[in-house]
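After this come two complexes, each holding subunit A, first together with subunit B and then together with subunit C.
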Partner chain A sequence: MADAIYRAEPPEALVRMGLGAIDALYHRRSGATHLVAAPVPQILEALAEGPADAAGLRQRLSARFELADDEAEALAALRDRLTELEALGLVRREPGAAR
Partner chain B sequence: MSEGGPERQSPDGIGTARAPSRRALLRLGAVAGTVVLTVRPGIAQAATSVLSCQIPVPDPARAGMAVAPDGSTVPAGTEGAFAGGRVFSGEQVREGLRGGNLPGTGYEESQAYLNYVRRLNYGRSGFTCYASLMVPR
Partner chain C sequence: MRHEIGLAIGPATFRVGSAWRGPIMQLRALYADYPAVDLDRQVPDFTVRLQPTRPWRRFVRPSIFIAGDHWLAEAAPMALGHGLLAAEMGMNLQMALGWRRHLLLHAASVERDGRAIILTGESGSGKSTLAAQLGERGWRLMGDEFALLDLESGLAHPFPRLVSLKNAAIAVATAGLPPARLGPRLAGTAKGTIRHLVPAPDAIARMREPAMPALLLFPRFGPPLDRRPVDPGEAFVRLTQASTNYIALGEAAFRALAQVVTHVPALALDYPDGEAAIAAIEALWSECP
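For the complex of A and B:
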């Protein structure tokens, strides 16, 4: 099964304020403020480079970070995180991509 | 972050080999939720309509009841109680809470209605309006 491809919200859609270990993300469209911890800011940054599926995103992240999880765990975790972020409206699924 | 190039070599020439291990460790499968908290705008948005939102006294579920001086609802005709069936705007109630009288009421009647409003709780008509008055700005 092919993975869904996700796109980050455009940079102007979010106001980001670093608060040490936590980031505050104000999402203009929903009016909600999310306090997020790692790995959420890192995932959003990596996805901001362009739409990607979980595997593509893992590659981008592994180029920058030492990933604590092995590949299968990382992919499963990324899919979970992307689903959570989609529910918050912080990422969108590309239309026409696999479910 | 601002380090421009790839692995910079330290002056003694041993930096390059050790560079990868200096990368930050990132755990993707966090055990706990990664979103610590989401603050939704619900009541803050309600505050923007504070001038126009309405508080029925008493609320429709208690239509026909009267309002006692302490703000409780009592059967119509109870001695010392004030007839209900009034609707006040958020702005009027705010003025009342600041010490003014509600429009068309005397002091005691006004205080009875304001006591009713103070006793509103979640789920009663007018509560959201009252709560939005309480949001500091």
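For the complex of A and C:
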């Protein structure tokens, strides 16, 4: 099964402010403010390196953080987060990529 | 309109027009020490109109409809006896819906030594009462309802309108004050009995002097005395909820608010009575960096 490939918003599209335990994100395109906690800022950072699917993203993240041992579980969680972030407009699905 | 007055409160100017003389006379008396606004020479920021619900209702069981540049369709008409309250509500509404020069926070604020405490909380948290009491005890009252944050500098600008005291808070906050500083007792309003208090002379004389926020307080009246630090993320959420123009101001508001919550310590303060709160605030102030 080919997984969807996601692309981060360009860096100039988001203003990010660290507020203790959470990050505040201002999304310029929509004018919306998002308050996000880990792992969302980490996912957005990893995706900013270039478009990736859930497996690619898991690889980038696992180089920096300790992820769940169960790979399937980690991938499922990542897919869920990516779907949520897409709904918020904070990541985009690459056109043409199958799900 | 038949009767009108120009008012300046902090940086904002208003034209209040009324089909009746009474509310304007009351405003004239209570705002006597505020700087004059000559409506023949100056276009005010906002207009508030107190008009009859129907033309003939000016005479027969008069009831007031609040209109103006900005208004709420569902606002219920009010009794003529509550005309002063209608005017104050009308002015608040213009600020809440129309002000764009600052980030508007639904908050009370007081100042000492050029630094301000911003107190924000839901209706009933006691911020008006606390601000009124602090304003008589060595603090400059900057406002009991709105704090106006400059988007560039982060300075808080005063909006020292008449303080609106409700029910039991009236006796507490007006004890020992001269009757000339009090408006009429307005019984039977939607929020119970209301009485307006003219801020202390220094609050009016210095109403164009901003101050840098040094402490964010989230007071809650009722529970036993308790204080806990509020982290920047929670403070950010609370302040966006307390702002009526955060969304309209976009990125500038986001940056201004993020600056405030990362640089200014924030605390939640539960208090059982005003004396306990004031003692706690004085103690917190002495610990403030």
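In this text, the second predicted complex is superposed on the first by the 97 of 99 C-alpha atoms of A that agree within 3 Å, B and C clash if a C-alpha of one lies under 4 Å from a C-alpha of the other, contacts with A are read in each partner's own complex, and residues count from 1 in each chain.
Just so it is clear, a contact is a pair of C-beta atoms (placed from the backbone, for glycine too) under 8 Å apart; a residue touches a chain by one contact, two chains touch by 3 or more.
Only a predicted model underlies this, so the values are computations on that prediction, with no experimental measurement involved.
Once the two complexes are laid over each other on the shared chain, residue contacts for A:M17 go to subunit C alone; subunit B is not touched. Of the two partner chains placed by superposition, only subunit B is touched by A:A74; subunit C is not. Ranking subunit B and subunit C by residues of subunit A touched puts B first.
Of the two partner chains, subunit C is the only one that A:R28 touches; subunit B does not reach it. Residues 22, 31, 33, 35 of subunit A are contacted both by subunit B in one complex and by subunit C in the other.
Contacts from subunit A toward subunit C in the complex involve residues 15, 17-22, 24, 26, 28, 31, 33, 35. Across the interface of their complex, subunit A is touched by residues 20-21, 23-30, 33-41, 45 of subunit B.
Contact residues on subunit A toward subunit B in their complex (touch as defined above): 22, 30-40, 42-43, 58, 61, 64-69, 73-74, 76-78, 80-81, 84, 88.
Every residue of subunit C that touches subunit A in the complex is listed here, in rising order: 231-233, 235-237, 240, 246-247, 250-251, 254-255, 258, 261-262.
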